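Some structures to go through are shown next.
In the two assemblies presented below, chain A is common to both, partnered first by chain B and then by chain C.
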Partner chain A sequence: MTRQERAAWLFVAPVLAIILLVLVLPALLALALAVTDYSIYALADLSALRFIGLGNFTDLFGTPLFWRALGNTALFALFGVPMAIGSSLAAALLLDEATVRWKPLWRVVLFAPYVTSVVAAAVVWQFLLNTRFGLLNYGLGLIGIGPVDWLGNPRASIPAILIFVTWKIFGYNMIVFSAALSAVPHDLMEAARLDGASRWERFRHVTLPAIGPTLLLAAVMSVAGFVQLFAEPYVMTMGGPSQSTVTVLYFMFDEGFKWWNLGQASAVALILFAIILLLTVVQTRIGRRYEWL
Partner chain B sequence: MAVIMNRRLLRTIVSNALVASIAGLTLVPLVWMVTVSFMPRGESSHFPPPFWPSRWSWENYHELLVRRLIDGAWFDYRIMPALWNSLGIALAATVLGLLLTVPAGYAFAKLRFTGRERLLRLLIAALVVPTQVAMLPLFLAFKELGLVNSYAGVILPGLAAIFAILFVRQTVLGIPDEMIDAARLDGAGEVRIFVSIVLPLLMPITVTLAVFLFLASWNDFLWPLIVLSDQHRYTLPVAVAAIAREHAGDGELMMAAAVVTTVPVLLLFLALQRYYVSGLLGGSIKG
Partner chain C sequence: MAGAAGLLAAGCARTADRPLQLWAMSYEGDYAPLLMPAFAQATGIAVEVQSLPWTASHEKLLTAFAGDAMPDVLMLPSEWVGEFAMIGALAPVPDPRLLAGLFEGTRAAGRYRGRDYAVPWSVAPQAQFYRRDLLAAAGFGRPPPAWAEWRAMGRALRRRRPDEWVFLMPLNWWDALFTFAGQTGAAMLRDRDTRGDFRSPAFGAALAFYASLYAEKLAPAMLSTELQDPFAAFAQGSFAIYPRSPAMLLDLKRRRAEIADNAWGVVRMPGPNGPGPASGISASLCVAAGTRRPDQAWALMRYLTDAPAELRFQHLIGSLPARRAAWTAPQMQAPVLRPFLDQMAQPARMPGVVEWERIRIEVQLVAERMVRGELSLPAAQAMMDRRADAILAKRRALLDTGLVA
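Moving on to the complex of A and B:
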């Protein structure tokens, strides 16, 4: 072993050991846990543990609340991803305008919600969304929209949480998109302008292809993020009203740490993993087809 | 000519006004959080919702932070202990995270060792594993090892920061090999080269990474919620969530709790935003 090699292992071994011990091994053990009936009985006495094959999965597929959680999570991702990416892109495009002044200031302000704790921000929004005394309903009232029972009506609870989440995270992708927009070739843009391309045509044929890969990466990350919603319903709605905001992760947490069905919860975690993997692959394929990658 | 000037002026006004109003709207929840936290108890539950306190009062902070005797028993919301827990845990997670990932990122970029490329590919593949998959077995393992309810138990999973290794590696790739080779010819040891030549060059991104790690640890919720059961060990988000689920009606008190949780990191972010934002931008935009 050369001196360089020895030094290299000295540098990488500690962190690799930790990754192995707290991420890789537990993830593999999750596979094993998911085929057992690990519950509060096994927690007390390991000899009560039994191998039940795919029993946890068939159980889950027969549990209405699990399907409800999958459906709610799908709704969150389906509406949340376009909302979040769209607002990030709109803000980035606006900040990219040559006429806008004090750009660093605006960037910091728009990014600020992202660094706040989800729990604390969710607490604030719980009050902003209050039906009677909340600022949001007050603002809507000024333009003649009647009070919405944001967190009490099962049809309004998902939009309410999505408004909050979008506010919280759009600054992050806005910065990422700003970086991508600054790399859009200038002469190409000028050429399109001289050819009489409209604003929309320039966006569609010059800007969009240039930021395509960034957009795709942001979409992949956002999908993964929205599929993993947990703290928002945990703090703001406790999964309610009438289970309209129970997400897959919320279901997993309750199953695992409220009812101590750790085998069952592990099966939920694996299904979540499979969904994220599948969505990532699908999005990458779509990206390739449109030659964004 | 005047028409063109006017159109340009109009556009300047419209785009700036638009940006300013979006920024204003974005700030409303944060400003409102602060003003309500200073309102006398119950004042925010009025219509129309007040935005400014009729009288600035510290009573919510007093109630939230000060331990007092109620019916012969000590009572407090345990926010001060949670603040210290959060601070200690976030600092430890940041320092340990830097010590582990910065040298590793350098080694993956510049040091030749067998299996480097294969390990790198494995690390990138491991990025797709959501941490939640590991949480349940990890909880059981930590329970066996006595790490449940300990600070080490909260910190450890966050140290597997693969993204941080890749982030450092990306920057180190930009350092010319000649600099390192020259030091080697001068007879400097590998550790010495890293500490006295590479590390100074990595200072800006080390600060960026430190902010990332600190914020990630400070704001982490699901894992501390799982692994901490003793209220005295709670971090701020866990403590605030516990209070929020019990005292949902006390707007002013909850806003004070939110202020205590968010303002420290907001200040940290403001102080170091130059590093944080430039880290995200990847150095492509100046100013």
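Moving on to the complex of A and C:
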């Protein structure tokens, strides 16, 4: 090892040690827990702990609520990611227009929801979504749509939470997109305009390739975020009505921390990890094809 | 290793001069600080009270135990005492005098394997608060005591005011269903509490009656998260009947601007043929096994569960004393307390297994799906049994090996 390499290791060592201690080690321990039947009885007396191999996983696959949670999470991700990215991109494109005035003000206003507390915002949204007195139903009533029982109807609860989550998080990606949009080459845009490219063609062939890598990053982060959705259903609906908003993470929280079935909960965590890893690999493959990476 | 030992020593040094920690839920936690000045004056022991919300207290207490961060004294609903005693979180009651002169039946819930781990603090059976004015307008002086007439009263109220509801029973609160089940005498678990018994005719009758209240639109198919302020809904007349614990008396006192004193009354919950056993949350106080100051913790326990402190608490938050000596006090002769006193003589028996809390929640979730029309009555009962059996699987295995009594 050269002197330089030694110095490099020395600098990296503290960070590596922390990563080992707080990331790798707990992950390995969780892996170990996932093959045991750790439950509240084991908390009382460790002799009640047994090694059960893949028992937790076969148990999980036989639990209807787990499948339901997976399905709910898939719905959240499937609709939430396009909603979140679409709205942030749209907002960023609007803010990028030369004719828009008071841009810093708009940026602050649209970014504000992202930095408010989830719980406080959820309480306000519970009022907005109220069936009888809510602003949202009032607005829908004006255009002749009957009152929707947003948080009480198992079919409306996922859309209701999606609306809230999108409102809450779109500001972050909007700022990221704004930064990326300012890097779109002006001369290229001018040239396209002179060549007679339409608005859509300019967006498709000039803007999009320029912000491609940012879009990929936003997609990866949003997918990981939506698959791990927890706080919003926890605060707004407690997983209800009829467990229609129980997500995988909510299921894991209940199993692990509420009922102390840490073996089962660790198995859920591993499955969630595998799902997110798989989705990210697929996304990066797609990104590579478009040379965004 | 040395670092860890140092941290531990520092932790000990810090706890020695820290005030005694008391954790309690809901109103008990909110108002317990008012009891502390008198205790501090008499003993010189400072107490810090932390209030926990009911919805998060089970996980918070378990996490605190696992993380060795338990308070010195804690409140537990009596159904949880067995569970926390089993995991070794609680210290057994050292002095039998603490358990003398208690209300009938309250002591049994605090026993685990023949030892007492909890001192009953307050009893909170469920009764129904009703709107005198709304019932009078429909021709009722008070809610009828039998199920069929009670439901008929609901229909009459609903006919008069079709835009409002009658019964305030959110679908994620288990107390109404378990009160009905207690009244039909359903055992709910069988085979030494290792399997669900929700397919029994007794439980079926209770579940059918419960669901019929929603099917007839007498109660809304709503969760408590949707009813942001149940008390306001009752005060504004959106509901005529509100089954609740005596804690409601505190709300009625604090918010009397919203509802006049002569506009409400309280009677026992109806039963199939008149009032019977009803569910409720009885609060016990326990001392944590890991407390570093057991003498002070038991002194606080003795003070809080003594008749004078319980009466003061009754005055503050409406909770009913578990100490029988307190019941002769003049303040306990108030007519509004009469239904609770009568109800206390007939508590509903709940199975004493550590999994009960979870089973109760699962059963309520299945009941919710049935109310929403996703399941028929037999299918719901079968699903309740399946879920209870799955939760009790570990208990069955441990019973075979003799690890559980």
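Here is the rule we use: the second predicted complex is superposed on the first by the 274 of 293 C-alpha atoms of A that agree within 3 Å, B and C clash if a C-alpha of one lies under 4 Å from a C-alpha of the other, contacts with A are read in each partner's own complex, and residues count from 1 in each chain.
What we mean here is this: contacts are C-beta pairs under 8 Å (C-beta built on N, C-alpha and C of every residue); 3 or more make two chains touch, one makes a residue touch a chain.
It should be emphasised that the depicted structure is a prediction, and the values quoted were computed from it without experimental measurement.
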{"item": "Room on chain A for both chain B and chain C (clash or fit)", "value": "clash"}
{"item": "Which superposed partner A:Phe257 touches (first chain B, second chain C, both, neither)", "value": "both"}
{"item": "Chain B versus chain C as contact partner of A:Gln126, first or second or both or neither", "value": "both"}
{"item": "Which of chain B and chain C A:Pro154 touches, first, second, both or neither", "value": "second"}
{"item": "Residues of chain A touched, compared between chain B and chain C (which is higher)", "value": "B"}
{"item": "Chain B versus chain C as contact partner of A:Met238, first or second or both or neither", "value": "both"}
{"item": "Chain B versus chain C as contact partner of A:Leu78, first or second or both or neither", "value": "neither"}
{"item": "Contacts of A:Ile145 with chain B and chain C, given as first, second, both or neither", "value": "neither"}
{"item": "Which superposed partner A:Val115 touches (first chain B, second chain C, both, neither)", "value": "first"}
{"item": "First, second, both or neither for A:Ala7, with chain B first and chain C second", "value": "first"}
{"item": "Residues of chain A that lie at the interface with chain B and also at the interface with chain C", "value": "126-127, 130, 238, 257"}
{"item": "Residues of chain B that touch chain A when the two form their complex", "value": "8, 11-12, 15-16, 18-20, 22-23, 26-30, 32-33, 36, 44-49, 51, 100-101, 103-104, 106-108, 111-114, 116, 119, 123, 126, 128-141, 156-157, 159-160, 162, 165, 189-191, 194, 215, 218-219, 221-222, 225-226, 236-238, 240-241, 244-245, 248, 251, 254-255, 257-258, 261-262, 265-266, 269-270, 273, 276-277, 280-282, 284-285, 287"}
{"item": "Residues on chain A engaged by chain B in the complex (per definition of touch)", "value": "2-12, 14-16, 18-19, 22-27, 29-30, 32-33, 38, 91, 94-95, 97, 99-101, 103-104, 106-113, 115-128, 130, 132-135, 138, 167, 171-172, 175-176, 178-179, 182-183, 224, 228, 230-231, 234-235, 238, 249, 252-253, 256-257, 262, 265-266, 269-270, 272-273, 276-277, 280"}
{"item": "Of all residues in chain A, those that touch chain C in their complex", "value": "37, 39-41, 43-45, 47-48, 63, 126-127, 130-131, 151-152, 154, 236-238, 240-243, 257-260"}
{"item": "Touch list for chain C against partner chain A, complex", "value": "55, 58-59, 62-63, 65-66, 83, 86-88, 171-172, 220-223, 225-226, 228, 354, 358, 365, 368-369, 372, 374, 390, 394, 398, 403-404"}
